[in-house]
């Protein structure tokens, strides 16, 4: 045995150092990488739960009908049937959870409606749009139109 | 003083044991799914449909996404582009996206051009080049078809940002990790729709579940002229556009 | 609200306006490239037994090591979470070119470079451990790994194993820098990067830059030690530089001609970019000053009989211009690849910060650092001890 490694003893030492380093790395890896890494693919499965655990900011239109079904029913009869409540009223997730925790602010129809209905060449021709200055001058849209049943 | 073999081994051994003990303090999440969750990943395969003929460029989706997901200023998980294509010069469309369309668009009328809006977001590709490029496994496609970023694991190298052909990714300016549209994973796993679809006034954007036999997406794909962005890249993009003009990049 | 639009011409996807990869990512392929080139010179001496370059064998190895040690630093500075960088070794994603590169780098550093240097210097280390006093004695003692055998048999083993390692090192060096090229070349989303020629172009330009770097280091070291330059050696190095440069330039020309001829969708936008935003760095710095002029100078030296002084000076100027040109090439690839929109409808601009984490100042520091490390290595493992012993 000694004869085989004669003259190469330093290489044996080097190999031992290398093996030690690899062992140390494997120990480190064992502690740092979660055991189920790779279960569904090359990633940490807990990440999906972490992302899914976020609290929604928008409540979703079904949540509003629970308390405001009179408004929702009226809206659903008109052209705004498919417009979600929060599309105009903004995110109301906290209000839907506990209505006193977030007081909804009534949108200003002078600024809100033109976002969708101001005429623009790129909007589909079939979509109802007006040049607001010509259509109403300085008058706010809500003066004539009920946002939940906008047809006059 | 020379180092003997014994001394070397002793030093090495001490180092390993001490570092092992120190590392026990590191958190090691186990990855168990929430016990009370009724959501089963195997029942869903998520996608999205966008009807160009319905989009009015109002910007509701961009604003809602920013509010729902704390999207940092100047970066976009979704955005809208307005195209003005001159029929005589289809290879040079005029395109703009002022702040991603977050405040809508200034009214414009190009009478000689064909104009339309194109909302864009992460395409949640089935053969995603960004997932392929991630060196550590921080970005991945979930079993239910959503491409996500593990922000606790991401090293922030930016390779995925370079690999995405659609420009939907960015490095978060304060978290210093990759960020992008999550298809509102935290909403769709609770039976809600995405924030952008929720507030879309015309229903141009619709969340789709390819594994649900009753989902309107099946009819949508069967009946309409449908295309994905950059089909030549073979990314398996799952955002399907109806009436997408060929000049769209 | 951040106002980003003034820097944009035409249309960019909103997330593309700010560049993701900075000057630090330009530095990284530049520095690793120097390693490959320096190593090729060393292998010419050891494997191909070209005796004329023997005088710079050890110098080339130490130069390679100094640069390889610094190579990961620009990456660490760029990473959003450098403390997580070990993840690339713990959970490497096998489909990612970047992940696999971590192992190529480690292989090259440990098994090729460090092992070869150790084997070549082992006799000197053992002698130094015997003759030095004070803290340096301890350093050399550790470097011996406890073995003091410098008998004929063990030195013979060192020589055989070292030769084998150098042989292995040649494809390893090719892999090291070809891989960096592949990291860019495999990105199908970017038409400026995506070409099968990218690894080959990177490799040859790496060899060119490394040889130029060793040439300059050799001249500087000789100057500082007040020793004459071995002209046979310098002439051989200059000849290698020329030949490899011609191959490198041909490859880059091939890429250009191919793009121009096929004129696919991306060509128009790339062509415009080269003529406007990249004009200074690509046409002037990379092509004219950094390639054509050095090739002309080096050809002059081959074709016309010139005196030693003239040859030394011309070779030095050519080497310096070469380094600038190859740096410009890395800049044009990395930064150029991000200046145009993937919609092919617009361009953005890149303003290098100065004293920021990814700014000019750290970049300059990272270019000086390898020279300081090399200086330390030359003190620790002097290449000329061989002659003195």
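Think of it as A, B and C in the order they're written, each chain with its own count starting at 1.
FYI, a residue touches a chain if its C-beta (ideal position, glycine included) is under 8 Å from a C-beta of that chain, and two chains touch if they have at least 3 such contacts.
In this text the structure is predicted, and so the values were computed from the model without any measurement.
With chains reduced to the mean position of their C-alpha atoms, the one farthest from subunit A is C. Among the chains, the centre nearest to the mean of all shown protein C-alpha atoms is found for B. If you average the CA atoms of subunit A and of subunit B, the two centres end up 10 Å from each other. The mean-CA centres of subunit A and subunit C are about 44 angstrom from one another, to the nearest whole unit.
Once the centre of each chain is set as its mean CA position, subunit B and subunit C turn out to be 36 Å apart.
Looking at subunit C, one finds that residues 91, 93, 146 touch two or more other chains. Chain contacts: subunit A has residues 13, 17, 28, 32, 37-38, 42 touching two or more partner chains.
Residues of subunit B in contact with two or more other chains: 5, 8, 137-138, 153. Chain contact summary for the complex, subunit C toward subunit A: residues 86, 89-91, 93-94, 110, 115, 118, 122, 144-147, 149, 151, 153-154, 156-157, 161. On the subunit A side of its complex with subunit B, the touching residues are 13, 17, 20, 23-24, 27-28, 31-32, 34-58, 60-61, 80, 82-84, 86-87, 90-91, 115-116, 118-124, 127, 129.
Subunit B contributes residues 1-5, 8, 73-76, 79, 81, 92-93, 95-100, 120, 129, 131-138, 153-159, 161-172, 175-177, 233, 249 to its touches with subunit C in the complex. Across the interface of their complex, subunit C is touched by residues 6-11, 13-14, 17-18, 25, 28-29, 32-33, 37-38, 42 of subunit A. Listed in rising order, the residues of subunit C touching subunit B in the complex are 1-2, 4-5, 11-16, 18, 20-21, 75, 78-82, 84-85, 87-88, 91-93, 95-99, 102, 138, 141-142, 146, 183, 187-190, 337-338, 341-345.
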